[in-house]
Amino acid sequence: MSVVAERLTKRFHPNAAPAVCEVSFEAPSGAITALLGPSGAGKSTVLRLIAGLERPDEGRVVIDGGDVTRRAVQKRGVGFVFQSYGLFDHMSVRQNIGFGLSVRRIKRGEIDQRVNELLSLIQLEGYGDRRPGQLSGGQRQRVAFARALAVSPKILLLDEPFGALDAKVRVELRDWLERLHAETRITTLLVTHDQEEAFAVAERVVIILKGRAAQVGSPAEVTAAPASKPVADFLVYARARAEAPIGPLSARVASGTIVGVSRTGDRVLVTVEAPRRLEVELPASRFEAMRVGEGDSVEVDPSTGELSPRGR
Amino acid sequence: MARSGRRASERVVTESPGVRRLLIGAAMVFLTLFLFAPLAAVFVNAFRAGAGAYAAAVADPGTREAIGLTLLVAAIVVPLNLVFGLAAAWLIAKFSFRGKGAMVTLIDLPFSISPVIAGLVFVLLFGRQGTLGPWLLERGVQIVFAVPGIVLATLFVTLPFVAREVLAQMQTQGSEEEEAALTLGAGGWRMFWSITLPKVRWSLLYGIVLCNARAMGEFGAVSVVSGLIRGETITVPLQVEILYNEYQFVAAFAVASLLTLLALLTLAARRFVEARSAR
Amino acid sequence: MVPRILILGAVAVAVLASEASRAGEPPAPARPEKVVLLNVSYDPTRELYAEYDAAFARHWEAQTGQKVEIKQSHGGSGKQARAVIDGLEADVVTLALAWDVDALRREAELIPEGWQQRLPQNSAPYTSTIVFVVRKGNPKQIRDWGDLGREGVSVITPNPKTSGGARWNYLAAWHWALERPGGDEQKARDFIARLFGNVPVLDTGARGSTTTFAERNIGDVLIAWENEAFLLERDIARGKVEIVVPSSSILAEPPVAIVDRYVDKHGTREVAEAYLRYLYSDEGQEIVARHYYRPRSKRVMARHAEQFAKVKLFTIDQAFGGWEQAQRKHFDTGGVFDQLYESKR
Amino acid sequence: MTRRGVLPGFGLSLGISWLFLGLVVLLPLSGIFLRSFELGWGDFWRLISDPRTLAALRLSFGAALAAAVFDLFFGLLVAWVLARYRFPGRGLVDASVDLPFALPTAVAGLTLTALYAPSGLFGAAFGLLGIQVAFAPLGIVVAMAFVSLPFVVRTAQPVLEELDPALEEAAAVLGATRWQTFRKVILPNLLPALLTGFALALARAIGEYGSIVFISGNMPMRTEIAPLLIVTRLEQYDYAGATALALVMLVVAFVLLLAINLLQRWSRKRHGAHVL
C-alpha cells in the first residue's frame, strides 16, 4: 500500500508563490515516512493533498497503484490524525472511536467489539464513557489515533501528532507509535518539524523547504550527504534546537530579541536571540502587521515557529 | 501557517457548489421577502405622494414637537445609561460580591419583559391610584402622563444596553493594565480615564448607539405612560400611530421613515465599530 | 464616595420630578397673562376640537384679554378616562359616553355626583348617531341592521370593551333587534351573536376601524359614528363609499365635563367652564355642525338640516334605563358580550 | 475574581448600580407583586383562568413558539450562509440582519401591516391562496418572527465561524457524508447556541406589543395577545385583572431568563461565544 506523490503543486492565492511546488516522493508500503521541514514549509499541505482535504492545482496522488487525485476524501481509505486532534467534544471516547464505523452503518455489536479492541490497544480501557474534555493531552492524542485506526485505513496520515504535547509525553507517545506501527505495519506518513522525532521513527525522510521536496532518503543518507546548503543548514539548525535543553513543561515559549530580518519575496526570515539563536520564517504581511523590527522584544514558540510581539 | 490564511470558500470539506448556491439563494430570497421588503415599503409609502408631501409631513408642527421631545428623552436617558452601564460593568467584571448573580439577572430583566408591563409598573407606582402617586401628586410632582414618566419608562427598557456591551468587553480584557497603572502610582480616576475608558471605548460607543436607537424608538412602554397630550407627551413613534389614526398615511410613513433612517444609521455605526475594534 | 453618588442620584430624580410640574399652576388672584387648558377627548373629535380650540381662544382673549392655550389629548374613550383617573390632569374631558365620564366620579371622585346636570342637555352639547358606511354602489345591498347578521356580510366595528363608539354601535343593534315585531331578549342575543360573528377585525378604537375599512379595504360595511361616516364619504374615501341610514338608531350623547379636582388645583375653573359653555353658543354649535355632529341649537340645526338623515332615534335612558344598567348587563367582565365571544369557542 | 482591595471603585460602582436598579427596576416591579398580593389566591386564580385570559395566553405562547421555530430554521439558514460562504453583497446582508433590533416596533408594525394586509403586496398574494395573514393569528406570528429573527442568527453565526475545521475534516476522512457530518458533528456543537437563540426569540416574541397591535386585528378570543389584554384591562379600570396577567407574564419572563442564562453558560463553556 504505497503512496506516491507526483509533482504536487498547490497555490492558495493566485498571485502568491505556491505553498507546495512540484513535490514528488514515494512512501513505501508498511513503512513510516516523515515529512520534515520548518514551520510554514508546506509539509501539512502536502499531507492534506494526499488525504484529499485539499485539491492540488497540478500533480497526482497515487495510493496502492491507483490514481486517487479526483477521489473524494471519504473514499480514499486514509486515517488522519490532526494536530488539534479534532475530537468530537460532544461524544464520549467510545462514540468518537466508533464514529467512522457508525457512518458506515455497521452493526452495533461489531462496533462495540472493535472499539473495545482499540481501547485496549491505546491502553485506555476504563475511559470509554468519558468525554474528550476529561482526558489529558496524551490520552486525547491516543483516542485520535484509535479513531483513525478504527476504519482500518490503508494508510495513516499524522499531522504534527505530538506538536501540542510537552516534551516528556512526546517521547513516550513516540515510543508507543513505534510499537503500534510494529504491530500494524500500516503505511504511515508523519509530518513533523522535529528532526530528532523524524529520524527516530521514520525509515524514510522527505525534507521539505519552501514548498519543495529538497531531499528524499533514509535518515542516514540525509545526514551523511545533505543535497544542498539549505538542507544542511536546516539539519544543523534543527539539531541545535533538539539538543538545547528543554525547560520545564511550561517553557514552550521563549522570549528574545530580534537580531536579524531578511526578506525573500513575500516571506521574511527573522533571527531571534533567545538566548539561543532561533530562526522563524513567516509571511511578510504577517510580520509587518506585528510592527516589530530589529532590536524589539518578541516571544517565540519553537514548536510552531509562532512569533508574537511582547507585552501587548 | 498557510492554513490560517485559507478562505472558507476554498475548503474542500464543504457543500457541493450546487448546494452552496441553493442555500445562498434560499437565504437571499428569504431575507429579501422577510426583511428588505418591509424596509422598502416604509420608503415607498412615505414617498407615495411625492417629495413635497414628504417634506410637509416632516415639517408639520406636531411632528417637530414630537422630534423635540424624543431628542430630549434620549438626551436624558443616554447619559444616565452611560453612568449606570460603566458602573455596573466595572462592578461585575472586576469584583465578586454577594448578590452579583441577582444583579446580572436584574440587568437582563428589561430585555425579556413585555414593554407593556414596563409601562404598567410605572402607572401602578406613580398613578393617582398607585402606591406613591397620590403623595407625589399632592406635592405637585407629576410622573406618569408627563415627561418624567416617559423618561423613566424609556430608562427601564434601555437599561441593559450599555451595561451588557461594556461588560462583555471588560470580561474578555482582564485587569492587568489597570493593576499596572495602579502600581505605577496612578489614582483611581486617572486609571479609569486613561486606561479603562480607552480600552472599552468601542463597546461603549456601540452600547450608546443601541441605547439611543431604542430610546428613540420605544413604543409600547411609552404609549402606556404618555397621556397623548399634543405637543407635550407625544414621542415620534406615538406620532406615527396618531398620524396613522388620522388617515394621514403618507405622513405616518414619512415620520416612520425618519425612525427607519435612524435604524439604518445604527446598523452602519455597528459596522464601523466592529471594523475599528477588529483592528 | 457612596453617599455622594446617592445625593447626586437624588438630585437627578428631583430635577426630573420638578420638570413634571406643569405650567399655569398656582391659582392667582389676578388673571395671569396666559392660561393652559388640557382637554382629554376621544378619537373622532380631533378635527372638531382643532377648529373649536382656535375659535374659543379668540373669543376668550377678546372677552378677557387673557391668552389661552388648549392642549389636546385623543385616544380611545375608555383609555382616556383611565389616564385621567391615573393622573393625567385634564381640566376638561369630552368623551364618547357618560359611562366613561362617570368613571371619574366612581373610580376616583374627581368630579361630584350630579355632574351631568351642571350643563344643559345632560352635559352633551352635541349628539350624533350610528350609521353604516358601505362600498360604492352598495354591492351587498345593505339597508338595515338585519342585513349585518346575514351570512357573507363582513362587518367592521371596534371592540365595545375598549371603544365608546362601539358600545353605541352594539346598543343600537341590540335595541333594533329587541324592538322588531316578535323580538325578544333571546332573539336580540342571537342577532348580536350573528353580527359579531361577521366581524373579521375588532379594533380597539373607532379610528382603527375606520382605517381598517377605508385604507385596508376590509369589510362590506362599517358601523360608524355619523360624523365619522361623513368624514369618510366627503373627504377621505370620496367616491369609494356611501352612507346607509338604518331604520332606527341610537341617539349618541357624548358628554363634556370639567374635572373639578384638577381645575381647582390648576386654578382654571373659570376658563374651563367658559370653554365648555361656549360649545353651546351659536358659534360653537356652528363648528360642531360643520364637523358633522348634530347641534343642539334648533337654529343651527335648521341651517344644516339637509345634511343629517331623518332616522328614528332612541336614547339610552329610554331603551336601557341608563348607562349603569347597560354597562353592567352587556359590557362588564362576564356580561352578554363576553358570553357571546366565549361561547364561540 | 476576588480582587477587592486592589482595584478601586467598588463602593462607588456598587452604589451607582444598586441606585439605578433599585429606582428603575426593583421598585417599579415590586409594585406588581405588592398589588397581586392584595388579590389573594382565589381572586388571582379567577382572573387568570377566565376564558378570555386563557385564550390570550394560549395565543401569545402559541404564536411565539411558532415564530421562534420559524426563526430557528431560517435564522440557521442565514447564519450558515453568512458564516460559511463568501458572495457579493455579503457584508451588506450581514449588517442588515440586525435591522429588526434597530427598527422601532411601531414602524415594523406599520410597514408589515401595509405589506400583509389584504390590500398589500404580500397580503394579496396570500389572499390568492386563500390565506389571510394580517388580522389573523398568522399575522401575529409574522410580526413576532420579524422582530426576533436576529437572535437566532447572532447566536448561531459566531459558533459556526469558530467551529474547528478539523472536526468536519475528521468526520469526512472517517467516511461521513456532508449530511452526516452536519447532523452528527455540526448540529450538536451548534445546539446550545441555537437553543439560546430560540429562548431569546421566544422571550422577545411573548412580550412583543408595538408591532402586533397594528397587524393583529385584536379580536378577543381570536387575535388578542396577552400584552394587549393587559392594556385592555387597564382601559376598563380593571387593575386587578391587568396586574394578575402582568404577574403571569413576569414569572414567564423570569423563567425564560433563567433558562437563557443556563443555556449561555453551557454554550460559553463549549465555545466562548457570547450574545448581547
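Chains: A, B, C and D, in written order; residue numbering restarts at 1 for each.
We take it that a residue touches a chain if its C-beta (ideal position, glycine included) is under 8 Å from a C-beta of that chain, and two chains touch if they have at least 3 such contacts.
No experiment lies behind these values; they were computed from the predicted model shown.
Asker: If you tally contacting C-beta pairs, which pair wins, B-D or B-C?
Answerer: B-D
Asker: Can you name the chain whose C-alpha mean lies closest to the mean of all the C-alpha atoms?
Answerer: Central by C-alpha mean position: chain D.
Asker: Based only on mean CA positions, could you tell me how far chain A sits from chain C in angstrom?
Answerer: Distance between chain centres: 82 Å.
Asker: What's the distance between the Cα centroids of chain B and chain D, rounded to whole Å?
Answerer: Centres of chain B and chain D (C-alpha means) sit 16 Å apart.
Asker: Between chain B and chain C, what's the gap in Å when you average each chain's C-alpha atoms?
Answerer: Whole-Å distance between the two chain centres: 36.
Asker: If you average the CA atoms of chain A and of chain B, how far apart do the two points sit, in angstrom?
Answerer: One centre to the other, that is 49 Å.
Asker: Would you mind listing the residues of chain C that make contact with two or more other chains?
Answerer: Where chain C meets two or more other chains at a single residue, that happens at 85, 107, 215.
Asker: In chain B, which residues are in touch with two or more of the other chains?
Answerer: Residue numbers touching two or more other chains: 13, 80, 123, 129-130, 152, 244.
Asker: By the touch rule stated above, which residues of chain A touch at least two different other chains?
Answerer: 52-53, 73, in rising order.
Asker: Per the touch rule above, enumerate the chain pairs that touch, sorted by label.
Answerer: A-B, A-D, B-C, B-D, C-D
Asker: In the complex, go through chain B and note every residue touching chain D.
Answerer: Touch residues, chain B against chain D: 7-9, 11, 13-16, 19-20, 23-24, 26-28, 30-31, 33-39, 41-42, 45, 80, 83-84, 86-88, 90-91, 94-97, 103-117, 120-125, 129-131, 152, 155-156, 159-160, 164, 168, 175, 178-179, 182, 187-188, 191-192, 210, 213, 216-220, 223-224, 237-238, 240-241, 244, 252-253, 256, 259-260, 262-264, 266-268, 270-271.
Asker: Quick one: which bits of chain D touch chain A in the complex? Just the residue numbers, please.
Answerer: Touch residues, chain D against chain A: 164, 166-167, 169-177, 180, 184-185, 188-189, 270.
Asker: Can you check the complex and tell me which residues of chain C touch chain B?
Answerer: 12, 16-22, 25, 38, 40, 43, 46, 71-75, 83, 85-89, 107-108, 205, 207-208, 210-211, 214-215, 236
Asker: Under the definition above, what is the set of chain A residues touching chain D in their complex?
Answerer: Within the complex, chain A touches chain D at residues 51-53, 73-74, 76, 78-80, 82-91, 99-100, 103-104, 147-148, 150-151.
Asker: Please output the residues of chain D touching chain B within their complex, sorted ascending.
Answerer: Going by the criterion above, the answer is residues 1-4, 6-10, 12-14, 16-18, 20-21, 24-29, 31-32, 34-35, 74, 77-78, 80-87, 91, 93, 95-108, 110-112, 114-115, 121-122, 145-146, 149, 165, 168-169, 172, 178, 181, 203-204, 206-210, 214, 226-228, 230-231, 234, 239, 242-243, 246, 249-250, 253-254, 256-258, 260-261, 274, 276.
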